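These are the structures, in C-alpha cells.
Two complexes, one shared chain (subunit A), two partners (subunit B, subunit C).
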Partner chain A sequence: MNTILTSARHEILCTLRARVALLLLVVFLGMVSLSSLIGWITNTTVTRVYEKILADGLTTAPNPFAAVSALYYSRNSVIYVVLIGALMAIILGVQATLRDRKSATADLVLSRPVNTVQRLIGQFLGLGAVIAAVLAASTVISGASISIIMGAPLGLDPSVRLIGFAALSWALMMIFALLGMLTGLYSRKETTALLVPFVIWSAIAFVLPQIGTAARPVALLNPVPALASPGRGSFDLIGAVTGPFTITEQFKRAASIVLRDDSVTGSPWLSILLLVAVLIAMTWIVVVTPRRTLRSGLNE
Partner chain B sequence: MTTSAISTAALTRSFGAHQALSDLTLDVPQGEVFGLLGHNGAGKTTTVNLLTTLLEPTAGDAMINGHSVKTDAAGVRQSIGYLPENVQFYDNLTLLENLRFFARLSGLRRPDARIRDVLTFLDFTGHDNQRVGTFSKGMRQRVGIAQAVLHAPAVLFLDEPTSGLDPEGVRTLRETIVRLNHEFGMTIFMNTHLLSEVTKTCTSIGILNHGRLVHHDSMSNTLAAFPADESLEDIYFQLDSAAV
Partner chain C sequence: MNSTWIVAEKELLDLRRGRLFAILIGFLAVATLISVAAASADFRNQLDAYNLYVANLATSGSTVAAAAPQLFPLKLLRGGVEYLEILGALFAIVLGYGTIAKEKHRGTLHLFLSRPVGRFAFAGGKVLGLSIVWLGVVAALTAVSLVAVVTIGHAPIQGIDVARLLIAGGFAWLYLVFWTALAVGLTALSTRLSTGLIVALVIWLAFVLIIPQIGDTMDPDNQVPGGLFATLQIQKPDELAVLAQFSAFDGIRNGLEASSVTKHFERLTFAFLGIKDQYNQQPLSLMWAAMLPYAITLTAATLAAVVFAALATTRRTLQRKQS
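Here is the complex of A and B:
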C-alpha cells in the first residue's frame, strides 16, 4: 500500500511539473470558465432584449431563459470533456509511463522492492487524482457561474447532478489516460506513443458514431449523443454493433441525461455500466504489463 | 568463516540464441569490494542486471544476502542498492524530491533525516531544492550513490560507476566507495573496464570473457601470481587472451 501511495504521490508531482500537462489543465479550466461566461453573456443579452420588447409591448411570450434548467449552462462542458479532456488525459497517460522509459529511470525504480502492479496502480491513482482535481475545479467554476447567472445558490439536486457529471467525466478521461499509459508502455517511439491513442480517440469519437448514425458529422460536435438513425436497417445494425465501443457517445448520452437535457430520454445506467466496464478492462490490461516492458528503452 | 554476500550457481542468461552469460559460479564474501572486469559485451551488465533482479536467469540461481534472485526477488531488492551506468533522474524534480521518492520506495517512511545524513556523508549539501536537470554528470553520479545507499543496503551494485566522469569526479567516487566499504561494511560489486580503478579500490576481481568467468581471485593473489613488474593491465590481457 505504501508503495502504491508513493508512486501515486510521485505521479502527481511529476505531472504538475510538466509544462505541457499544466498548459492543458489551464486550457481545460479556461474553456469551462469561458463557457460559463458565454452562457452568462447570452442570458443577460437575451433577457435585456426580452425586457425591452416586453416593455414596448411587442411580445407577451415568457422569457425564453425563464424555463431553462440551471444545468443548461453546463451542457457545453460535455463536448469539452470529449474533445479537450480526453486529449489531455491521453497526454498525461503517455507521459506517465513513457517518463521512466525515456529517462531510463525504470531500472532504478524496479531495483527497489516494488512490483509492476503496485507501480502501475500507483501511477493510475496519481493520474486519477490530478484529473479529479481538475474536474473538481471545473465543477466549482460551473456551479459558481450557474449560481451567478440564476441569481441564486445552486440547489441540492443540480449540485448532485453536477458532481455526477464530474464523476462520469472522470471515468471517460481515465479510460483515455489508460489508453495513453498503454501506448506509453508498448510503443517503441515517443511519437508513436502519442499518435496511436490520438488516432484511436478520433476513431472512437468521430468515425464509429458516424458509421452508426447515417453520416451526420455535425451531430458529433454536439454535446448530445448522435441522433437516432433514419430507420435504415443497415445503420441500425451497425449502430447496435458499434454502440458499446463508442464510449464517447455513451458518455454523451449518460451526461446529457444527468444534466437534464430534454433532447435525450431514457435511463443512463446502461451507458454508465459500459463506461465502467471499459474502465475496469483497460485498468486490468495496463496493470498486467510485464516487467520487461516497463524496462524496455525507446528506439530513438 | 565468512558468509557470502553474493553467491551464484551456474547462473546463465540467454537472449535468443546468444548466451550473454554462461554458468557463472561466484562467491563474494561480505565486506569485499569486488571488481568485475571484461571488454565491451563480455556480459558484465547482464550479470549486474541478473543480480539486481532486473533480468531473470535462463538457468542457475544467485543468492544475495541470503535471498534467491529466482524465488525471493523482493528480499534481494530490499538488500541491495544499485547505481546503473549513466544514471538518470526525474529532471523536473528537485534533489530532495527525487531522493524522497526512492527512499519511500525502499520502505523508509520519514526519509528526510536519513537523506540529510547521506548527503552530508557524500559532502553534497546545499542543493536540496535544486532541480536535478540542472546538475552536472559528477553531481548526478553523487545523487546516484545517495539514492543507492539511502536504505543502508548490505550489497551495493555499481555498473561502470566512473563512466563519463572527469578525473576529480573519478577520485571523489573512488574515495566514496572505499569509505562506504570501510565505514559501513557494505559489500560492493563493481563493473568496470578501468583497470586503474580496480587496483585502487577492489579487494578481489573477476574477469568475464564472452559471458564466461575466466578468472576470480583476490587482488593480492592475482598480482602475486604474475611477475612484479607486470601491471594489472598486462595481467588482464594475459588472462583474457588465455581464455580465448
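Here is the complex of A and C:
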C-alpha cells in the first residue's frame, strides 16, 4: 500500500513539474472554457437567422433551438476530450513509464523491495488523480460559463449530468493514458513510444468509425457520434463488428445522451459498459508487465 | 552544397533502414484504400436506393423520376485527402522531430559539427532529405489513390483526372514539408527533445483540428442534422439573401478557418479534385484563377517553415545542454 501511495505521489509531482504537460492541460482547460462561449455566440446568431427567416415569411416552422437544454453549450467539450484530452493523456502516460527508463532510475527503484504491480498501480492512480483534477476544473468552468449564459445557477439535474460527463471523460482519458504507459514500457525508442499510441488513437478515432459507417475523417470531428445506422447495406455488418472497438464514438454517444443532445437517442449504458470494460482490460494489461520490461533500457 | 547533400543522403538511408517510416506510410496507404472502399460502398448504397425508388415509381405507373446519383471518380478521394491533412501532418511532425532527436541521442551531432561544414548544411540537408522522402510518399500515395479509384471504386479515369490528381499531389507535398520543417525547427530550439515534439503537437492540434472544428461549429447550417435551411425548407437564393445580413459573423467564422494552413490545403485540393461541387468538372484555368491566393499562402507558409528550420538549427541551439 505504501508503494502505491508513494508511486502515486511521485507521479503527481513529476507531472506538475513537467512544464510541457502543464501546457497541454492549459490548452485543454482553455478550449473547454471557450466551448461554452462559442456555443452561445453560435446559438445567438442562429436564433437571429431564424427570426429573420420568420420575419421575411419564408417559414412557419417552429424555432429548432427554442427548447435547447442548458447543457447544449458544453456539447463541444465532447470533441475536445476526444482530441485534446486523449492526446494529453497519451503524453502523460508515455512520460510516466518512460521517465524511469530514460534516466535509468528504474534499476534503483526496483533494487528496493518494490512490487511492480503496486508500482504501476501507483503510477496509474497518480495519473488518474491529475486527470481527475483537470476534469474537475473543466467541469467547474463549464458550469460557471453556462450559469452566466443562462443568467441563473445550474439546477441539480444539469449539474449531475456535467459530473457524469466528467466521469465518462476520465474513463476515456485513462484508457489512452494506459495505452501511453504501455508503449512507454515496451518501446525501445522515445519516438516510437509516442508515435505508436498516436497511430492507434488515429485508427480508433478515424479509421474504424469510417469502416463501419462511411463517415469521413473530418466529419468525425463533430461531437455527434457516427455510429452505424441500420439499412446501409454492407456497413450494417461491418459496423456491428467494429462498433464495440470504436471507443471514441462510444464515448461521444454516451456523452451526448448524458448532456441531453437531442440528436442522439437511446440508452447510454451499453457504451458506458464498453468503456469500463476496455479500461479494466487496459489496466490489467499494464499492471502485469514483467519486472525485466520495466528495467529495459532505451536505444536512443 | 556537397555537405548538405551528404546529410540528405544519410537521412534517406536512415529512413529506408528504419521500420518507423514504413509503418507510417503503410498506415497512410491503408487508410487511403479504406476511405476509397468506404466511399464507393456508400455510393453503391445510394445507387441501390435510387434503383429501388425508380422501380417503385414504375410499379405505381409514374414516369417522373429524380436524377440518378452520378459517380465522379476523384470525389472518392475525399477521405484520403482528409487523412493526409490530419494524419499526414502528424506523421510529418514525428519524422521532423525524429531526424533531430536521433542525432542528439546518438551523439553523432557533435561529430558532425566538429567537421568544417557550412552554416546551413545540417538543417538544409535534413529538410532536403525529408522533402525528397515526402515527394516519394506523395507519389506513392497518388499511385495508390489512382489504382484504388479504378479497382475498388470501379470508376473510369481520364487524362484530366490524372492531371488534377498530380496538382493536388503537389499541394500535398508542400503541406507535408511545412509540418516537417516546423518540427525540425522546434526540436532544434528546445533543450528537452520531447518539448519540441509536444509543442509541435500543440500547434498541430490547434491548426489542424481545433480551429477548423470551431469554424465548422460556427456554421449556422451545421446546427441541425441535415442542415438548418433544409430543415426550414428555405431555397438557396433566399438562404444567401438571409446570410448576407450576417456577413460580420460569417467573416469571423471564415477568418478563423482561413487562419489554418490546413484549410488552405483542403480548399485547394477539394477544388482541383472537384470534391467541392462548385468546382466539379470545371476547367483547370478557372480553378487556378479562383485558388491562386490559397496556392500562394500555402507556398509562402512552407517557405517560411523551411527558413525557420534553417535559422533555428544553429550550432548553438543544437549543442545546448538538456536542462
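We adopt the following convention: the second predicted complex is superposed on the first by the 265 of 300 C-alpha atoms of A that agree within 3 Å, B and C clash if a C-alpha of one lies under 4 Å from a C-alpha of the other, contacts with A are read in each partner's own complex, and residues count from 1 in each chain.
Definition applied: contacts are C-beta pairs under 8 Å (C-beta built on N, C-alpha and C of every residue); 3 or more make two chains touch, one makes a residue touch a chain.
Treat the numbers as computed from the prediction; the structure is a model and nothing was measured.
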Given the superposition on chain A, which partner contacts more residues in subunit A: subunit B or subunit C? C
Using the touch definition from the top, say if A:267 reaches subunit B (first), subunit C (second), both or neither. neither
Classify the contacts of A:207 with the two partner chains as first (subunit B alone), second (subunit C alone), both, or neither. second
Would you sort A:2 into first (subunit B), second (subunit C), both or neither based on which partner it touches? first
Regarding the shared-chain residue A:293, is it in contact with subunit B (first), subunit C (second), both, or neither? neither
What is the contact status of A:105 with respect to subunit B (first) and subunit C (second): first, second, both, or neither? first
In the superposed arrangement, does A:87 touch subunit B (first), subunit C (second), both or neither? second
Look at A:199 in the shared chain and tell me whether it touches subunit B only, subunit C only, both, or neither; answer first, second, both or neither. second
Hey, which residues of subunit A end up touching subunit B in the complex? 2-3, 6-7, 10, 13-14, 17-18, 99, 103-105, 107-115, 295
Name, in rising order, each residue of subunit B that touches subunit A in their complex. 52-54, 74, 77-78, 80, 82, 84, 86-93, 97, 101-102, 104-107, 109, 147
If you look only at subunit A, which of its residues touch subunit C in the complex? 19-20, 23-24, 27, 31, 34, 38-39, 41-43, 45-46, 48-50, 52-53, 56, 58-59, 61, 64-65, 76, 79-80, 83-84, 87, 91, 95, 190-192, 194-195, 198-199, 202-203, 206-207, 210-211, 214, 216-218, 221-222, 224, 232-235, 263, 300
Tell me, which parts of subunit C touch subunit A in their complex? 20, 23-24, 27, 30-31, 34-35, 38-39, 41-42, 44-45, 48, 78-79, 82-83, 85-87, 90, 94, 97-98, 101-102, 105-106, 192-195, 197-199, 201-202, 205-206, 209-210, 212-214, 216-218, 220, 222-225, 228, 231-234, 238, 242-243, 245-246, 249
